[in-house]
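Would you mind keeping the following structure in view while I ask a few things?
Lettered A, B, C and D in written order, each chain numbered from 1.
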Amino acid sequence: MTSITLRVGARDVAARLDSNGHVHVDGRGYRVTAVSPGIYLVADGGQRWRVAVAEAGGARWVAVDGQVAVIELGGASSRSSGRRSGHAGAMAAPMPATVVKILVAPGQEIAEGATVLVLEAMKMELPIRAPRAGVVKAVRCAQGELVQPGVSLVELE
Amino acid sequence: MTSITLRVGARDVAARLDSNGHVHVDGRGYRVTAVSPGIYLVADGGQRWRVAVAEAGGARWVAVDGQVAVIELGGASSRSSGRRSGHAGAMAAPMPATVVKILVAPGQEIAEGATVLVLEAMKMELPIRAPRAGVVKAVRCAQGELVQPGVSLVELE
Amino acid sequence: MIKRLLIANRGEIAVRVIRACRELGIDTVAVYSDADAHAPHVLAADRAVRLGPAPPRESYLNGPALLDAARSSGADAIHPGYGFLSERTHFARACEEAGIIFVGPPSTAIDRMGSKVGARQLMEGAGVPVVPGEAPEDQSEWALAAAAARVGFPVLVKPSAGGGGIGMKVVRERDEVAEAVAQARREAQAAFGDGTLYVERLVERPRHVEVQVFADAHGNAVHLFERECSVQRRHQKMIEESPSEALSPALRARMGEAAVAAARAAGYQNAGTVEFLLEGAGDTARFYFLEMNTRLQVEHPVTEMVVGVDLVHAQLRVASGEPLPWSQASLAQRGHAIECRVYAEDPGQGFLPQAGPLLLYREPRGPGIRVDSGVVEGGEITVHYDPMIAKLIVWGETREATRRRAVEALRECYILGVRTNIPFLLTLLEHPRFIEGAIDTGFLDREGDAVRALMPADIPPAALAAAAAHAAPRATATTTRRESAGGIDPFHSLGGWRG
Amino acid sequence: MIKRLLIANRGEIAVRVIRACRELGIDTVAVYSDADAHAPHVLAADRAVRLGPAPPRESYLNGPALLDAARSSGADAIHPGYGFLSERTHFARACEEAGIIFVGPPSTAIDRMGSKVGARQLMEGAGVPVVPGEAPEDQSEWALAAAAARVGFPVLVKPSAGGGGIGMKVVRERDEVAEAVAQARREAQAAFGDGTLYVERLVERPRHVEVQVFADAHGNAVHLFERECSVQRRHQKMIEESPSEALSPALRARMGEAAVAAARAAGYQNAGTVEFLLEGAGDTARFYFLEMNTRLQVEHPVTEMVVGVDLVHAQLRVASGEPLPWSQASLAQRGHAIECRVYAEDPGQGFLPQAGPLLLYREPRGPGIRVDSGVVEGGEITVHYDPMIAKLIVWGETREATRRRAVEALRECYILGVRTNIPFLLTLLEHPRFIEGAIDTGFLDREGDAVRALMPADIPPAALAAAAAHAAPRATATTTRRESAGGIDPFHSLGGWRG
């Protein structure tokens, strides 16, 4: 019998493989059969699901009936499942993007949630909002500039 | 520089990989790029082909523009490219089949090419013909019998 | 509406029916033999029941096992697909008696159409043309010659008993009757112990043109126009298309009406096909009832694409008691469709059926291209069932656009591990006779070898280059995909190369 | 006929055009940026020319590089696809001047439709309805109020200068005019230094209904009916369909005629789309010219499936000087089609576009399902181009059958490695408002968050079981395929498991 911990969002789920080849999740047994590379048929006696699975950097992407989740292995003790866009409040680009509009200037007082920048990536506009109320200390980008993810673009005092 | 011999039908063809990553066949250089698993784009400057390749037991199946060939590696010194159905004249089933009709009896004189048996496999009738003229010595199967490939079903004196 | 359907079949048609059920919210039950335990149709269904060992007799032809599977899985209906039990009266009747909906005609209609002689009489009664023939009471040479004259030369003189062509003689002129009758009688007497003969009109170089019909339980019956299936080898259809090049609008209308009359005469319900032999083309052509297939046909997608219908959806609705979703006036042909049946058979070896693994299996895709299949890469074509791998159906605005599309699609259909008829299909699609639309049912049996000789003999050297570059799977299976993504040359991992 | 075509585009539309060329016997030249060196469109073409680095400015928007590529590869025609240079007058003109066929309208027609003001005037002259509005010389409050009354409430008071919604005021009643005018003038003056105002009818909850048109060089012009594209988020179309639920036959005929009149007024040739705002539904609805897209649309397959045409084939023929392959009378709608645009964007994060590898990418297949895409498993969605991964287009006999087919197809569309809008598309397709066919262009902007909240939150535990069973690729890449073939359980190779 072998066990594995899956981290789904903020939740840890234990999965267990029994000697009959069933996978137990949340106290329920499932039979898993490989259909084609990456596609599995999962059956629990009454219902069947076709599930796609792919591995990427320690995480497993799964898709079933149009839903998708990214599952990390090893449970809570492993590295956190930080979102690609960083913490929600950061005034940084979530991906390489071009600065389209700068809506604030140093010294300006802004409210929480105010749009401070509009970026563009992949033909889409991305508004960047203030994580809290405050006074703008510095604007670290220029209109038309290509900015990289994670770099702080606007700072508050 | 590495070389390989390909056996195509009865012909040996030398292929050579040069230091620029081109494959030379019959004195002509081709650039081969992997497109997706088993699918290659082959270019010779002027023309391009999309070729599918799969490996099976030392042979390579290739398909291009609807044509298929089975190519053996290592050239003439390796085992012969014997057809799955054995030598053309054998009075044996080319695949597991059911005996539908027996058209000859021991002692009967038959001409070369005469149909001696009709087998059925995969809903298709397969006539088995005499490889040479002669007198039937033995019929080693019965109507309705499931026979295995390669086993002699009718023998000539 | 049907709640849970058992599909008493395998392969592409089972997958096709299961897909239709999902779209209609019907639960599905697949059945399988041991050879098919992990086949696509089994994995596609909501549940699956084992029938028995691989041989059809013990699995897909095992009526009692199928009825048990339906009962144990709570299915309220059975779809028989084509082949297997689809045209067995006793199976349809057993379903009826068990209170399970049989998605097809009533068993009585299968029965009526199942007997060649009975069907012929029924059709004559309904005014549907049959091949003219006479079986005179007076079996004298004189009476048979008179019958032949009435039927019209050329005729076939045939023994009433037996079959398989034994004792059958072609008679082109009155002068030849005497000898043919004597010979036929001798052979018939020898073979069947019965020298009774009859005379039938010889239809020379006929085309096979069939009409799709559909009837419901409320007295409605329509036809959905024709499919031409003249490209056949030893009665095995290879390419089907619609519309037929041989039909004029008037002939099409007459054949459609005859097919509906045939269905009505049989008390038919659900989808069926009335097959005709066509002699000549255009307004002056003559057509004769051949037989009725009391089930869905392999080539039904041709009609679906040209008429813009979903025949399986309609089958399930009509079997559930709903009226036909179409009136005759609402149906029309648009554009052209061609179906190519891809078989595991080797045209280079007399079309010997092939069994083997699908080492690589990639279907073509694109606008107007549909592939119905029940196999996957890594699967296997076994000796147990028929060698059809897939059906390629293409649609286009014109016949020529469709033909070209079919050619391109076949060239992009990659199947390795078993020989297929694709090289032959391609040669046929490019053959002047096919391009003209002038192929009769005997064409391939007469000229198939000549067509085969046109297949390209040698594979281009470029294919050898790819074969040489292809590394052994062990060495590259994990990297190939990445290579293709990153565009790296595969050469750094040429496992098959020796210095 | 065109002999060799350069496709000045990438992704699914380039693949689509290349396929059409193969079917017509036209040689193809793909172009690519460094990011696309091994993209499917590059591999599909007969030859390929590098344009430059990844940024569109330096590659797909680089007109001179494209013309050089055409010349050096001997192409006698260029297909611009959509986006990029497809609607740039100067590029079409440069092609004309270089003696290269531009597969699209004459540059003069692009020019005429490129200016909003000019196009509006052209349409008014041609009798095509535009949103009623007045720009009175007399800018007094009284005159503007009178204009508003003539235009009919509710109206928009808008500054003549500028844009972006600045100074725009909704006025629902006459009483509100004075305040709105004062306010709008103040804001316009402040923002643009020009307080001139005009009054336009406010179209509330409009639908976006567009009409496909096609014209040739011989004076023929037809329409191919409508597509409804009201399901859009911030002007980005997400789901398109035909027919539109809002159109009665009479309204459809009127809109079709207006669209043909628009095309004629512009001196149009080849495929184009006339976009209308639709107010209301049925015979009493009013429609207003919005703009004309002087190119093939992303959503053209919807028309292809419902009308039974191949628009790209027709584009290539008409560009070669052939007459239109259809007369208006030969064209009709049949059944229903829905297109879902699958984007790499995360509905859970405000539809943030996503870039990343396509770890697993499997398209749905089956009758009535078409997927147009230009990506492969192992490929990558990069930040350089738009985030559309694929277009799923489904056809069915009725809208409801089509909708259900789209749902099933999306559930079978497996994309791993980047988040997509598939969960949102599914929720939308199942939303009562979509089922009713009652969605206006503002729906998603108003109620998108509520729709998003309906997306299922938790993945079923069965998916976790598969994730747990899935072994690390290193351990099983070579065996997975065999396992599936032989039906062996994957458990013997659970590389990811720890005891």
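As a convention for this text, a residue touches a chain if its C-beta (ideal position, glycine included) is under 8 Å from a C-beta of that chain, and two chains touch if they have at least 3 such contacts.
Since the structure is predicted, the reported quantities are computational estimates derived from the model, not experimental observations.
Shared contact partners of subunit B and subunit D comprise C.
Among the pairs B-C and A-C, the greater number of C-beta contacts is found at B-C. Mean C-alpha position of subunit B lies 28 Å from that of subunit C.
Separating the centre of subunit A from that of subunit B, both taken as means of CA atoms, is a distance of 53 Å.
Rounded to whole angstrom, the centroid-to-centroid distance between subunit C and subunit D, based on C-alpha atoms, equals 40 Å. Residues of subunit B found to touch two or more other chains are 33, 35-36, 47, 50. Those residues of subunit D in touch with two or more other chains are numbered 38, 357, 376-378, 473, 477, 481, 484, 487. Contact residues on subunit A toward subunit D in their complex (touch as defined above): 2-4, 6, 8, 13, 15, 17, 21, 23, 25-26, 28, 30, 32-40, 42, 44, 47, 49-56, 60-69, 71, 73, 83, 85, 94-97, 121-126. In the complex of the two chains, the subunit A residues touching subunit C come out as 33, 35-36, 41, 47-48, 50. By the touch criterion given at the top, residues 38, 43, 45-47, 376-378 of subunit C touch subunit A in their complex. Taken together, the subunit C residues at the contact with subunit B in this complex read 234, 236, 344-345, 349, 351-355, 357, 359-360, 362, 383-387, 410-417, 419-420, 422-423, 425-426, 456, 458-470, 472-473, 477, 480-481, 483-484, 487-491, 494, 496-499.
Across the complex, subunit C is touched by residues 16, 19-20, 22-25, 37-38, 301, 304, 308-310, 313, 325, 334-335, 357-358, 363, 365-368, 370-372, 376-380, 396-397, 401, 404-405, 408, 473-474, 477-478, 481-482, 484-487 of subunit D.
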